[in-house]
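Both of the next two complexes hold chain A, though its partner changes from chain B to chain C.
What follows is the complex of A and B.
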């Protein structure tokens, strides 16, 4: 049950000593409330060092690089004017990707060529959650043997997707493959994730709250400088694949959820789809003192779904430098979650995302009263 | 015979007078008012259709006695303004005869090179009557037909019609709403029925008279209280009355300022132009809903929780809005501080500074806009340094700043009128967003209005609700809006009479509008009126016969 907090506050003060409106005390019997959040930014969580120490072999090789390297010498000389220039973009984009023995597109047929092993992250530090519960990454009923990272806080964590992609030029922090889709989401409103924290007794410390994850069908309103505004209303995407709920608790203003299988909307780089995350966990510092919520979300990303996205952004190969066959082979080797009962091969990659979120109203069109009695998420979270 | 009988009845009713007990007034000299931009647009849409585009903005009309509707009677049409009218007239006229609109507006299509004078005459008779708000005189029609023929010789018939339309659209008879006076049998001056029709129509619809009203004027029906009442009731039942009510309150509350309102985007990021427009529209929608749709009590405007919101306004008010586009009805929960139109973002933001709220401006706005009480302008040498320094570490809240400022005896008198009201609205920042602290200090929103103390903005709404000046104000403003002049001192009894009827009718606005519209006081012509326009009066009489 939700209540308009302002009503409570004002009633308390107005009836009391006439001191006007105050943000002070909430009565002990205050009903449970809801905090809505809209995720305004998310990036895959990567521990990037300025000088690429985590990639001792260097940046991952680009598809065009492997293409030109494997060309017969005469063609290579022709394409590069005797090595004086790089092949023009047109050739790099169109020819490099169809370098299968029969002209196959190697992103759609990643096993038709055998590239050298991919340059992946060899560093020991990473962000994420300890999804399998082990300190050594040994195989368990729901995970395959893998290497663990250690977080900057010293916790053993799993993030095989970072291990896979962390040395790709376009996947580095602030690089195109991360920044561009984030901007696309902010500009279009597509793929916007909503988080609804309900059953909140105390926004600072509450040992039992419920956390639901939705997609939004609305754009993100911005101010004149392009900053996304807090306290806007967002209608949920009522597709039943969204709306998974997880249990959680709030400790000192930090929300932590239990593991839950969720689907999140996904948009970016011309791709529209969703992200199925198994064993998802969220660790989120709630909005405070005018700052947005921020934190980490992680889980096991279904490999097939992830590859569906990755192969469909092949048009970004040249500018962002990766090889589909290399990534495909390495990804299959790095899969660490949810072994197939038949083959024993894992079917998912551990991953984590850094997220930032603003207070918002999560609108359920079929349940207007539920939200209409909501309170300003900013004020609730600030309590 | 029937017409004769109707006339006798009408004269009898007219002799009896307006509503029972209406005090007689001396009236005011006849005058002219310039069409407002909205009125111009409404008339063009009525006569030529809503698809006619009207580009550009009109010269602003100064506000006099609290209303632009009054100021419009005191403006001069400058050469540059006339040039703008002329360009606009040509632009509109070209659209009237273009391929999209001509088939619906022009009743004939003469062969190329031909001029159909009968067609032109019929066209001008129909459109001219609506534009001039009376039938054209023979001379006016002849002139327009001759102009059409002359232009057609050098171009086409349609070019000629366009020239005629342009000529009408820049004519004083169109651009100025003039009170035309005639002399009755007793030799007393009175407003012609056509002028009454205009006054009635611009008051209730913010547009020119329609065919039915002009026909009533033509038949002399507006000379009688019964005839006037019949037309007023018809017009009040029409959906077009919404435009009239919107115009009245937009003028009264100075909402036109929303179009140019600027807030510091760093301090108030959520308050951009869209929010400003929506805030103004929210106030008008709330008024229309309470006053027209629900036929409610005017006093409830200060305590109502029922309003309408957009997603943009939801960000300002920090409340959920169910729809992404358009307006949704919304009821602020019990005890939410947003109670009544005085707590809405439009009035709060309009009466604030770009980067901070203003106790004084808000108090002044409540006094002047809602209670019709004039607050003197500040002395020329007043020092605003302290009140404008919202970052002053020694005076963290507006209460502390204005308290220090108004300790100066020369300031205190006026500030006592404004500040106790404005301070109770300090829970809303310069954009109308709710807040409980300023510079880390809890805001004390207590205040006082005419001896009634209150603790917060909710109670301010109640105090306004119960304040007789608020209802007297809207009576006075509505009359001034309708008549184009503020009530004179010797019309006090008449205004009191209207106010009493307003109270007796449960402060329902529609009843007030009807009372004003059907009162003799609205049409009374006082001494000093210009001489009767004999030709127009004679033509009108001729048309009537």
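What follows is the complex of A and C.
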């Protein structure tokens, strides 16, 4: 059945925030249902320890540290006002980034200077999926040789983006570059990801469902305490790059998708764009007992696309401490997915993100909306 | 007798003030009021630093802002007067303000000079309007808005005399543009007393509304909603050039080519971005938007000589490019390319961005 049509005919999220859902709640002849979810927060999945054990070399060096180190003595004294560190908004911010030999911006021309190797994650534990299917990270037709992490559950997993960024001060869990964009998305509604699970016979156990990913044009409604409300309606973004789909199944209320190439809307740190994830997997515990859905999404992030984002947040590098040339060189070395057929060099970085989502109505504006006002996801779940 | 003489004198003075504009000036009546252009249709501007009866824009300034020179036989009439420039030439002035064109305006309808350095303003005689109504420049033209910048909309067929105004379910996603309780009609604007007790502004007898889908000034997200809601455009901008249209993106509608591929402009390429995108970078990532022979400029859209010397489309004087990594409609890979710590590089052209000055 056409997913768009079905979603408006039913548009009934079978999952409730306020009530649990058992398979017996749905009769064998019940029509297939659609579960709508809005992603209310997501963060890159990083295994950060309080004392940085995974970063034995310390925090990654900042661009301005490398800049000041290479200045002649006289200039260094002048630039640091006799040794004191300048405020972030001083000359340090504007000058440190154009430290190429001809004044080039080193984020947009990362190969014009040669920095010392970057301090990356050396720990063995990480979150993610076993994307290449190996336990040792050997090269396969779909991957390049790389090191694996072991998840806290003991599974070998891939997450080279965490290995790359896990020791950058501003990219640690709860640091600015993680928390701020998430808050921006929650406040503005930009970059909101909608997940629509269709062909659902049984919201607790179903061996064949379809999962589609959209962007939204609506903001996330909040209550008077600032908490995002469940069961709100979200119209999908008409950008044709979205709407990618994956097959999946639900086991004991946990959705797991097969691998699929998807694109997800992205907003944060003044960046508007999208995240293309190849070989994406989603493992999501669906909402139950009043708790939102939560889980892990992973896949291969196209390197060029990721670097494009990273270049465009250059204006944040002084306060968050990284060096573009260091990150660029290290990222190229750490690429582990999708070898270029000509060069053999990999073109993508494995990654994973933790996500949290609430039940929602996913509205397709090109179809008439026939959802009755009292057909809230919570009410339907209670039926 | 005396009072009648005074009345007659006032009437004569008023008639003189409203004298027809000179032959060097064309008047266009728009929703904003009377807009003045030169005989070729180029927008006229005033300069806030000019003193009455004297132009302070000379030498290099006058090259950028050519004065509107009067013909040899020109004579002042009403609000239209003549000022003598330092070189002896006579320049038209309206209500004491000398008039200029802007050399970078590429075509009739262009308004690129409006708001420059906050001292150059379009020459127009604003029609009376309520204090709480703002005019904002967008890609579609001058749009009416609340003082907070929320775009105003009208609904097809609805009049202030309609027996039933938009209410209840019709108002989902909409809010009447509220007028103060003691508001009086002024010019084309009137006040509607709604059944729900709200005083609502109406423009030319059409009640006006704001949309909940608009979040920042310049948004026109609800334009065309249900085929009957339309943004209140007081002066439409010239149409997009042939081959360009609006397409969907993560920013909402943006300007794309006929195939739906995103177009980009970069403010001040040479001054700002040379250290960010050198020649190789330019050739690798950017493809000029070529202008074919016979292409005509339209409004703020013009044809300029590209970096390769070939004719290239430009928007508001900035060359247009396509990004080589955009492969599908809706992709905006080039947006903010070469943004640095002090600038934001290449930009998509959003339908909802504010253009120029709001007043």
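Things to note:
Definition applied: the second predicted complex is superposed on the first by the 335 of 383 C-alpha atoms of A that agree within 3 Å, B and C clash if a C-alpha of one lies under 4 Å from a C-alpha of the other, contacts with A are read in each partner's own complex, and residues count from 1 in each chain.
Keep this in mind: a contact is a pair of C-beta atoms (placed from the backbone, for glycine too) under 8 Å apart; a residue touches a chain by one contact, two chains touch by 3 or more.
Note that the structure is a prediction, hence the values are computed from the model and not measured.
Once chain A of one complex is fitted onto chain A of the other, the partner contacts of A:361 are limited to chain B, with no touch recorded for chain C.
Once the two complexes are overlaid on the shared chain, A:224 sits against chain B while remaining clear of chain C.
Of the two partner chains placed around the shared chain by superposition, neither chain B nor chain C is touched by A:208. Of the two partner chains, chain C is the only one that A:305 touches; chain B does not reach it. Legend: residue contacts after superposition of the two complexes on their common chain; A:271 is shown touching chain C, with no touch to chain B. By the touch criterion defined above, A:104 reaches chain C but does not reach chain B. Contacts of A:241 after superposition: chain C is touched, whereas chain B is not reached.
When the two complexes are superposed on chain A, the residues of chain A that touch both chain B and chain C are 217, 219. Listing the residues of chain B that touch chain A in their complex gives 265, 269-270, 272, 311-312, 314-315, 318-322, 324, 330, 333-337, 427, 434, 436-437, 442-446, 455-459.
Those residues of chain C that touch chain A in the shared complex are 213, 215, 221, 248-252, 275-278, 281, 325, 328-333, 335-342.
In the complex of the two chains, the chain A residues touching chain C come out as 93-94, 97-98, 100, 102-105, 107-109, 188, 190-191, 215, 217, 219, 237-241, 265, 267, 270-274, 304-305, 308, 311-312, 314-315. Contact residues of chain A toward chain B in the complex are 4, 6-7, 9-11, 13-14, 18-23, 217-219, 221, 223-225, 227, 229-233, 235, 361, 363, 365, 368, 371-374, 376, 378-379.
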